[in-house]
Amino acid sequence: MAKETAKTHKEWEKPLLELEDTIAKLREAARREADPVKQANYIEKAETYQEQCNRYVKLMYSNLGDWEKVLVARAEKRPYTLDYIQSIFNGFIELQGDRNGFNDNAIVGGPAEFNGRPVIVLGHQKGRNIQDRQMRNFGMAKPEGYRKAIRLFEMAERFRMPVISFVDTPAADPGVESESRGISEAIAAAMLKMFQLTVPTISVIIGEGGSGGAIGIAVSNRVLMLEHAVYSVIPPEGCAAILWRAPERAPEAAEALQITAKSALSFGIIDEIVSEPEGAAHRDPAGASDLIKEAVVRHLDELLLLSPAELHADRHAKFRKLGKFAETF
Amino acid sequence: MAKETAKTHKEWEKPLLELEDTIAKLREAARREADPVKQANYIEKAETYQEQCNRYVKLMYSNLGDWEKVLVARAEKRPYTLDYIQSIFNGFIELQGDRNGFNDNAIVGGPAEFNGRPVIVLGHQKGRNIQDRQMRNFGMAKPEGYRKAIRLFEMAERFRMPVISFVDTPAADPGVESESRGISEAIAAAMLKMFQLTVPTISVIIGEGGSGGAIGIAVSNRVLMLEHAVYSVIPPEGCAAILWRAPERAPEAAEALQITAKSALSFGIIDEIVSEPEGAAHRDPAGASDLIKEAVVRHLDELLLLSPAELHADRHAKFRKLGKFAETF
Amino acid sequence: MNPSSEVPGLVSLIALRSPASGPDGAFLQCQNCKKIIFSVEFEQNLRVCPHCQHHHRLTAQIRIDWTFDEGSFVEHDTGLSSVDPLGFPDYGKKLEQLNAKGENHDSVLSGTATIEGLKVSAAVCDFAFIGGSMGSVAGEKITRALERGIELKCPVIIFCASGGARMQEGLLSLMQMAKTTGAVEKCRANGIPYIAVFTDPTMAGVLASYASVADVIIAEPKALVGFAGLRVSKQAGVGKVPDDFQTAEFVLKHGMIDRIVSRKELRATLAGLVRTLGGHLLHAEAEA
Amino acid sequence: MNPSSEVPGLVSLIALRSPASGPDGAFLQCQNCKKIIFSVEFEQNLRVCPHCQHHHRLTAQIRIDWTFDEGSFVEHDTGLSSVDPLGFPDYGKKLEQLNAKGENHDSVLSGTATIEGLKVSAAVCDFAFIGGSMGSVAGEKITRALERGIELKCPVIIFCASGGARMQEGLLSLMQMAKTTGAVEKCRANGIPYIAVFTDPTMAGVLASYASVADVIIAEPKALVGFAGLRVSKQAGVGKVPDDFQTAEFVLKHGMIDRIVSRKELRATLAGLVRTLGGHLLHAEAEA
């Protein structure tokens, strides 16, 4: 099955895209057609195809395999952090810099209003076009990204603002520059800072939850995950390379690693799966935004009932209990 | 007077050094001389010169002019921070790095025992020989030096250790690299961190207290200053260059700026002048160490009677009141 | 080809730094691109050159007028004036001259105001007064402005414009770096947001103290921002000096400031920050 | 010219990573310089090559013997063992095999000990157990070791040696990064000093969590220290890879660790840190 071994979301969605293209052409033809009979014919055909298309979308997205989830989570058209900030928040003011000599564009953040309340919102940001993607380093943050996040966390603490983080990164940047400025320390220090906070914190895995790069800004009181997002300790390609010296066996590795929202929920690692609209977030960004907003509002309202000390203790307790092992006494 | 316009301490001390050289030669001649009469003659001469030399030392150092203080404070032979750490502290373990990608050798520090008590000690470090001087960047710290200091301050706070800092820098490093990594922020952040501390802090200006580079690690409950150290908002050369476009008029500028321990004390900027042995610290490093230790022990004992909150408030109050202005209502 | 040399009769070469902006209908010359600007347009454009977007320096008073709600600024600390504690060459004389000219607010104006209806404590440096240098009076006013934020439970906005410490007050001016930074620490401990705006120039002792430890730092485009004089930096540096060295753009790239904001968007940005970062203070006030 | 090829009969090419160091009188070959070492001398020299000073890897048990006061180490958390939560290919089998071999402490040994008479909580990674990888058991033991420091009011020493997270436990192993870092935060809040020693190798998920946020970080000479595999870093990097990339020397130069300490000075350095940074705990104890 070609579907099973597609390497990109675009490739995997190809039949659907072709069908949509045909529909668009039919509708265009109908629009230009003067003869009402021919026009009705075009429209009828378009509608038949549209029904078929809708059925396909439902079929394809209602039962995604693990590897397909990876493709969807990485989809070029999937809404990114700034899209959700735009649609869910008001008056966002981006703040920049690590105050140590560097600024990273793979993590963005700043104050904004959420549901009428000032919050700090931040997240990994991938790029849309080629230049943007390079400028954002494909959403792979360098140490200065995590240090910017730490600054924002400190600001949130100082001004009693809840923190909402969007997670969407293939991994932290693994280059020589990142190593030389301490990418490991930056990730660890960001996690440590998140543990220190006494304000409500909520993370939403919206696309790729890639390993240390993800957890670095995801140590929150509540961790939500979009239905088709993935969260993994290692990219499936890397896992396949290590296990079988065959990166092309990534789809198998994806299954072995259990990277879906459903398994993350079953292990108690996330608190809730946020449904996506039919055909996934990229086919209805506004719908996805509404669903995210509803879930975050609900969790935030719950957390706002807790005292600062309770919020701190709650977050510690949440992560303290994660892990599966046997113990004999 | 040649004395007045000397540009280095070596130049200024030249007559003394020549005399000492002569004495050394006479003593050596006496040691090698077989004829007891001639020998006695050599020894007698040496002793006469020695008395003369001692008189000179007393004379030269008992009434140093402002510019002479600058020369003495900058003297190549003057004990540096690591010399005092060696002589006054036990079991010093140097800790390094800013945990942000850089390490600076112009500021050194770490835990040690002082008078039987664990403390954090740190300070600017100049170099003795050419390579060492370059490695230490002539005691001019870069941002990473101040960020290392911040790490040490945080450690002191966490583990309830008093902080003792030695100040000895011409200035913070003003180069392109330092600007690009935020030397200004680093100095300001170090001062801010010192204000946050709730442990006793004592700074000792041992040589050059050069402007922002100095105050960055000198915001302490008690600020002591060696008798012949200097403390200034701008190097006299820089001041002369701005005022008169004549850096060579630095001696005049030194007087105008009032850079001596005596004036710092009169403005309430330092708490005590620590006397130096006759002929200044470099002629008796052990004696200088004893005098510093005695003063620091005394001030530390006083501070140890204060609670953490009192130490914090005391430091704020101390700096809050500095400044001279008129106010009408 | 300089238009001013072509039509000299039409051009009024008023120094753009002076508070007087010239009579209506007069022309001015941009300090950066040297092009001619109709002075009414220049004022309407907040003294930003319509040709090259150069942000010309503002006086403290104009800054206040264009930032805060109309008539909302109330000056405080007006009784403070500089003395000459060291008997420094020519300093006393200079202070007398400035006093005689009615320049009696020293290099900082401090007070309270509202911005989009939100209460703030504010301080504005005046570069025209001895290069905006920070002596005892400037340090005291900045410190009081920060403390006033704590007292009134409102955010603090400081517009920086300074060549650095005022060397004529010697070590006392160095101590203002510590004093003002201490006040910032008190703001932090009390949850008071503090926003700094770096205007041209923000240098040396001011940059290396209260300016750089603001919660949020905004700069005007092309503002000079640096620690050491360019000459000193060049002497010290082994490497090449970048073209944008010591500009707002340089420090933004190096993570030392949050944003560069054009003058016409500055007021709204400041109000947005005051509203969000200061939200907890309004909330606490409403509950009290 | 390799001496071992000259005198092959005399050379016992025992793998230096194995716990058995070979019979007395045997010869070994340095893994780094390939020179011949008399095995008794090798042991006396704490498995540091007398020719090139290469620090060969130690087992967790030998590390304990050579660091802490004789017989003072008491192992805790011995009942913990790994399960196969994902049914990951071959993982269950591998665990069974290791169990059968008596390798039942997983990749971390945790316990309490004294060093120069001073009480500490300790954990030591064992690279021999699935590359010292951190799964649920390792994460739990590190967490307990840190918590034990709080409970017993004593400093914590952790010897790191790990390739990273244990991917066979999927996301659960990623969560150990957060869990262990949370325990470090609790130590900080409680004034418990935590000292990490980076031994060869300290990588990836371990480096990017509890290892890097220690109060003091010491590394053994030449230890491999890095976030990503060298191949990945090289692919990602545009610039040149430095010769000392991902070594203890590299991270020291880049300010990420405090000191490189040779094995023979390690014990004294650790004791000195425990004595000074933990001084307030002894003081508090004496007062109680």
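The chains carry the letters A, B, C and D, assigned in the order they are written, with residues numbered from 1 in each.
The rule we apply is simple: a contact is a pair of C-beta atoms (placed from the backbone, for glycine too) under 8 Å apart; a residue touches a chain by one contact, two chains touch by 3 or more.
None of these values were measured; they are calculated from a predicted model.
Taking the mean Cα position of each chain as its centre, C sits at the greatest distance from chain D.
When the interfaces A-C and A-D are ranked by C-beta pairs in contact, the top one is A-D. Chain D has its Cα centroid 41 Å from the Cα centroid of chain B.
Here the CA centre of chain B is 35 Å from the CA centre of chain C. Residues of chain D found to touch two or more other chains are 188, 254-256. In chain A, the residues that touch at least two other chains are 99-101, 180-182, 185, 189.
Taken as a graph of touching chains, this assembly fits none of the simple shapes: it is neither a line, a ring, a star nor a complete graph.
Listed by label, the pairs of touching chains are A-B, A-C, A-D, B-C, B-D. Contacts from chain B toward chain C in the complex involve residues 172-185, 187-189, 191-192, 195-196, 211-212, 214-216, 219, 231-234, 238-239, 242-243, 256-259, 263-264, 267, 269, 315-316, 319-320, 322-329. Residues 188, 191, 193, 215-216, 252-259, 269, 272-273, 275-280 of chain C are the ones touching chain A in the complex. Contacts from chain A toward chain C in the complex involve residues 91, 93-103, 110-113, 117-118, 144, 148, 155, 158-161.
Those residues of chain D that touch chain A in the complex are listed here as 79-83, 85-86, 88-89, 135-137, 139-140, 143, 165, 167, 169-179, 181-186, 188-189, 204-205, 207-213, 226-228, 232-234, 236-242, 245-246, 250-251, 254-256.
Considering their complex, residues 99-101, 143, 147, 180-182, 185, 189 of chain A touch chain B.
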